[in-house]
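Notes follow the structure.
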Amino acid sequence: MYHHVKKLMYTVNIGEPDVRFGNMLLEQFGGANGELAAAMQYSIQGFNCEDEARRDLLMDIGTEELSHLEVVGALIRMHLKPMKSNREAAEADPLVSIAGGGGVALFNSVGDPWTADYLKITGDLAVDLRSNIAAEARAKIVYERLINFTDDAGTKEALQFLMTREITHMRAFSAALETMEKPPFSIGLIAPTPGLVDEFFNDSTGEEEEEESETVEIIEHGGLHLVNSPLFDGDGLDISPAQPVPNSEKTSPADSTPVGVVAGNHNKKSENKRPTKKAS
Amino acid sequence: MYHHVKKLMYTVNIGEPDVRFGNMLLEQFGGANGELAAAMQYSIQGFNCEDEARRDLLMDIGTEELSHLEVVGALIRMHLKPMKSNREAAEADPLVSIAGGGGVALFNSVGDPWTADYLKITGDLAVDLRSNIAAEARAKIVYERLINFTDDAGTKEALQFLMTREITHMRAFSAALETMEKPPFSIGLIAPTPGLVDEFFNDSTGEEEEEESETVEIIEHGGLHLVNSPLFDGDGLDISPAQPVPNSEKTSPADSTPVGVVAGNHNKKSENKRPTKKAS
Amino acid sequence: MYHHVKKLMYTVNIGEPDVRFGNMLLEQFGGANGELAAAMQYSIQGFNCEDEARRDLLMDIGTEELSHLEVVGALIRMHLKPMKSNREAAEADPLVSIAGGGGVALFNSVGDPWTADYLKITGDLAVDLRSNIAAEARAKIVYERLINFTDDAGTKEALQFLMTREITHMRAFSAALETMEKPPFSIGLIAPTPGLVDEFFNDSTGEEEEEESETVEIIEHGGLHLVNSPLFDGDGLDISPAQPVPNSEKTSPADSTPVGVVAGNHNKKSENKRPTKKAS
Amino acid sequence: MYHHVKKLMYTVNIGEPDVRFGNMLLEQFGGANGELAAAMQYSIQGFNCEDEARRDLLMDIGTEELSHLEVVGALIRMHLKPMKSNREAAEADPLVSIAGGGGVALFNSVGDPWTADYLKITGDLAVDLRSNIAAEARAKIVYERLINFTDDAGTKEALQFLMTREITHMRAFSAALETMEKPPFSIGLIAPTPGLVDEFFNDSTGEEEEEESETVEIIEHGGLHLVNSPLFDGDGLDISPAQPVPNSEKTSPADSTPVGVVAGNHNKKSENKRPTKKAS
Amino acid sequence: MYHHVKKLMYTVNIGEPDVRFGNMLLEQFGGANGELAAAMQYSIQGFNCEDEARRDLLMDIGTEELSHLEVVGALIRMHLKPMKSNREAAEADPLVSIAGGGGVALFNSVGDPWTADYLKITGDLAVDLRSNIAAEARAKIVYERLINFTDDAGTKEALQFLMTREITHMRAFSAALETMEKPPFSIGLIAPTPGLVDEFFNDSTGEEEEEESETVEIIEHGGLHLVNSPLFDGDGLDISPAQPVPNSEKTSPADSTPVGVVAGNHNKKSENKRPTKKAS
Amino acid sequence: MYHHVKKLMYTVNIGEPDVRFGNMLLEQFGGANGELAAAMQYSIQGFNCEDEARRDLLMDIGTEELSHLEVVGALIRMHLKPMKSNREAAEADPLVSIAGGGGVALFNSVGDPWTADYLKITGDLAVDLRSNIAAEARAKIVYERLINFTDDAGTKEALQFLMTREITHMRAFSAALETMEKPPFSIGLIAPTPGLVDEFFNDSTGEEEEEESETVEIIEHGGLHLVNSPLFDGDGLDISPAQPVPNSEKTSPADSTPVGVVAGNHNKKSENKRPTKKAS
């Protein structure tokens, strides 16, 4: 159940309206990495989450993002105000001006309608938390770029507030993932094929030798080794057939119910399966 | 500022999960006339609304719709549960099952992603309230159809609750429009061209005389008269050029700031213009 | 069956082309509330309509909107003409200029492709007429804003013509709804839950007491009373379970066939059901 | 100006409704290659067309496609009728049933909303006619597949009618292109670079020698010769820089006004430029 | 299997960056007729193609278009570079600047996301080749317009290279179609209804007699004759019912497997059916 | 420059075609987390990447994903084959069958067209790598679910191969991020506001005390502390205004050029700025 309080989470004040900047700010209202995208991604993951503590965390953050949506909306409306009366200002975004009356709506800076395709919701908690960490990083860099393109002190302060919260949330999601105590590359219940999983395929080649050697350093840092393409007399990837092994990955008590495990040919359940939880 | 309470506005209980019905219910979660569409349409109109009482009303209803989103989501999740383990159930909506892990996400019953193109937000309060009345009527009929396609008592009760609220909101929006005290067909500040506005153009014709006469009765109820097409020796519409007359329509103190009136060649302001209000 | 006459419904003349304005006008060609949206919404409702008189009315208006599409298209092409030869003009809308050759196409003022998601078609006549009334109100206000942003006399006259027609259609749709003789908040066949339907939930609160009291006046005008949230020791909404009662709403002979009534557990039909009509 | 006649261009009769087939038929109503797509593509090209005879032809065909839309819609409605009352039928397309009340709407067979992205409108007549020829070929094959998936005689006859018309239109568009008397690969005003234009780049290779030789025969039929990739010691394409030569292509009096020729550094006009035409 | 070589197919050099032009160039990167659309349309047709020689040809061209995507991307990045540091430059495309960091992404010149709705893939080879011929014509004209809107020599040379390749591909696709040796209007396996197929319906009429006579010349060139609408006492189209005749069209050994022929009531196979081929 | 080799990276063999499963597999062809999405996200990040070693790595992986697209496409085509001839099979996905001829195309399992909105490309390398790690985790879990829903050994082996590669890539992207040697929550150049960044806002509350305490443990693991809402007499977040401090975050030599830093009021450059690199 939601409640709305008629007070902004952060009071915004601006100097002179800057219509073109207001238009840019729409990225954080109705854009792909904006506040509604964040609010919806986390809240709906929360609706689906079977682990109570992390559901609580998802709802805490999802709800705060709704409050941010309202703050960004207020900031944008101040900057867009000249669109109501000034033809040149209206040209900055005719969709907002002519169709929307100069107010905010769920469009990004070039008028694309907000779409649920922006969201990453898989119903697997350990996966979703990674999507959220990345989402917060994206939202942070977008706020920073906006800060860099305005000189208005009040606007900068509001954006600094909002940008800071993204880092807070990024830390919270990281903590939620780390405390699940799964190995860093353990996703789901089926382990990747040994051997093959360590092969890094060199599928883009050229004459720039120096750079290639740095790439090798990086992949070796990740425990991988380079395999060259058979196109150039390399060994190619190991393509020996391998059957998936159910329950070969390490799980966590906080893991989501896996999808499809009862189906098909594997009729004995995993021993290390997480305890049953009541659905909600 | 928003707050979330960890309790559903309406507790849902179902008997046997019905996956195909759960899929149908997605219309009211991520569909064109569903709860998110309602929540967003009213809340964002609220963000933009300059009239305080009606802004409050928009935020009250917009927030309640968010709570409904959560209720519908809980109901759907119960019905979709078999998708997690049963292949045949998964076939009912592979997007939900394979990509979404059997949980809710912002898609409709055929997997279209929710889009802001569903929303009707013009920034003109008297217009937006009409869009909301229509939106509530649509949401009502969709709930009714869902009720008609299930036998599950608990599901029916939840849908009856949600359906009832749409009528409540429809009444509230109608009251908000009526209390603005504008004539029923007065939109904006520029009146339509007299004479021409009373002409109903008969642009679809045939041999079904009886029906045509009932159509004439209807339009005469609306103060209109029939004009036949010049294609069939009718008079056609009155196409004498007419200039728009600024401020020829009746306004309300609750009206939104008009868009564009300061522009162009009309440099004297309306006398009956609504009093200035502080932007928020 | 359709026929096209090689003559515009309203002859358009403009002075100097205004490329940026031509771009704004695309809202009424390929935009969410534009002429194609109107033409398609009413015509397809007409295809589906079982009531002959109102089907005729829907086809009359739907076809007139197609003629308007052609008029708006002609007006836009005149304003966009410099896009063919002038680089700066082309920058006003590179999609139109580079990809479209400077002509009209089904995009709005910011280049979003026209989508059927703009349309509101439920197959329930009494609901669809409400959607149409709202659609006409939106189209009217958009034309008015466009008028306010141009000084060109010929352009203003053409827009005044088109804007006037929206009010005519709004009156026709209202008449079509009123003559169905259904009570104002009677939608479909199942009545809302008594008691609950009168409760207005106060889900957005604050310290602005004065405004809140005006909100109460409005909802009381609609026969509703305020219910406060349990979050603040209010009573909350009445959540006693209530089963839907089939055929508890008043119907009209012009009503559409309801959806789903034969399904499920209610096997006796309504007494006051509309007479059978031949499908077409 | 458009007019609608209350009579279908082709009267449809069906035996037993086949809901799943009705759903498939939506491809030709609201799908990518369906009747609305055809109607809009040709009509809007017609709005933009500067050559009067071909504009007439585009409007003739565009308008006929609107009449086809109505015919297909009638056919679909008959097949979808059980969706109104039968739960299992409703499952065939819950969007149509629950949200649309069992009627037609602008969605394809899997519920994607119709979008203007389906259309190919460049504003260059000789290019647009090629897009139309291809569009008719696509519509033809889709009708044929539908015919192959039904046994209902009345349905087959209606589809045979509609399918036949696509071939008629394909012939008309081909004639409209041929009578422009441009060489087959002459597009626009700037000729391709000689030499380079004859090189076919062998960018997909393998061990299937036999097939490769047939590919060579095909390209030699087109006056091209094979060039192998430098990756495998081939010569690669000729990448010598070449400047575009304005007006080096052959034009037709029916050609559209080119876009951008007045811009930039080429300040003397072409000698063989098409005669000026009045814009409309 | 794909391989990438760290070298552009065509090295690009530009003089001064031109941000607005870089923005226009996005049409050929992430636009409807751009390089990704070409690469995907041909490659996926190639994946589906049963005829080996033409599959090879589709993969050759599809892969070359991927290399073009990289070239166009490099050109755009050079022109967009000022977006990283300059506020006014950033205003040319805030989506690219703020959300994308000034790099390329799969958007067109007005920020619409690339969509598979741009593609025309029917799985019928003779139809798909027509779609490809039209696609190349569109890409050619778009490159020409871009050339016409820039003065930068390096940019012009790169665009001339890319534009030339479109003509090469257009010739290759035409050769692939011609060598299938099907009659020009033979699509699929079912012939259109004789008689009806020769009727051109005059569905757009007016007073412009001269133009109408040229239209008649065009359609007679195509072997068609004019039929007037019954609305104006014409004969109308021949609507006598006709059943589809399976296998009445001429096929080619290179034709794709037809869809649906085994279904329904036609249980004897065609005599002139193409020989079975192994699926791949 | 790309090259295609006429050999699949992994040869696929299946037993009996399973049409509904083939339809599910489309998620990994044209779906949000499928192979084209991966190929495009990494390749286009690669086009934009200024760090040569990581650009190489992005191109290696992006190109491999294209090869995977081809493998998945081959697998799907085998499973979809009955759609060509069998009506019931065709009902599993009428878009694929009727419009696509039973072949693969860029749609997901419910027919949504692939869209660039699926991609996460910010032009900031350290951010993009996080998006890629999350993308690989999503792709992995989707492959696992598909494995769980099939019994076909050949299909399982192919999916196991593809699934394994996602983990390889996840490790490579993690290595690429770690070797940039930035602190884990350091994004961009502007540090978050101290103090505020440590506050976790408790914006979702209820009576479930036990769960709340586990949430506190998680956030304390992340160095955060709980702040309650002022709505319930909590302190609320620290909303003291704070100005952004340019260059207060730690950077890496591999970082992308920041966006907007030269703009506005901060005219002295960072000392620890990364060395200039040649744009490509």
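A, B, C, D, E and F label the chains in the order they appear, each numbered from 1.
FYI, a contact is a pair of C-beta atoms (placed from the backbone, for glycine too) under 8 Å apart; a residue touches a chain by one contact, two chains touch by 3 or more.
Here the structure is a predicted model, which means the values were calculated and not measured.
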{"item": "Labels of chains that are neighbours to chain B and to chain E", "value": "A, C, D, F"}
{"item": "Chains in simultaneous contact with chain C and chain D", "value": "B, E"}
{"item": "Number of hops, chain D to chain E, where each hop joins two touching chains", "value": "1"}
{"item": "Most distant chain from chain A by Cα centroid", "value": "D"}
{"item": "Farthest chain (mean CA position) relative to chain C", "value": "F"}
{"item": "Chain A and chain D: spacing of chain centres that average the CA atoms, whole Å", "value": "38"}
{"item": "Cα-centroid distance, chain A relative to chain C, in whole angstrom", "value": "35"}
{"item": "Numbers and ranges of chain E residues touching at least 2 other chains", "value": "1-7, 9, 32-33, 56, 59-60, 62-63, 67, 87, 90, 97-99, 101, 107, 110-113, 115, 117, 122, 124, 141-142, 145-146, 149, 203-204, 208, 231, 258-261, 263-264"}
{"item": "Touch-based graph of the chains, sorted into line, ring, star, complete or other", "value": "other"}
{"item": "Those chain pairs that satisfy the touch definition", "value": "A-B, A-C, A-E, A-F, B-C, B-D, B-F, C-D, C-E, D-E, D-F, E-F"}
{"item": "Residues of chain D defined as touching chain E within the complex", "value": "3, 5, 9-11, 32-33, 46, 52-54, 56-57, 59-64, 67, 115, 117-118, 120, 122, 124, 126-127, 130-131, 133-134, 137-138, 140-142, 144-151, 153, 156-157, 159-161, 163-168, 170-172, 174-176, 178-179, 184-185, 187-190, 192-193, 196-204, 208, 211-212, 214-215, 217-219, 221-224, 231, 237, 239, 241-244, 246, 258-261, 263-265"}
{"item": "Interfacial residue positions of chain C with respect to chain A in the complex", "value": "20, 23-24, 27, 31-33, 108-112, 141-142, 145-146, 149, 203-208, 229, 231"}
{"item": "Contacting residues of chain F [partner chain D, same complex]", "value": "1-7, 87, 90-91, 93-95, 97-99, 101, 107, 110-113"}
{"item": "Partner chain D, residues of chain C touching it in the complex", "value": "1-9, 30, 36, 40, 44, 47-48, 56, 59-60, 62-63, 66-67, 70, 73-74, 77-78, 81, 83-87, 90, 97-107, 113-117, 119, 121-124, 256-264, 279-280"}
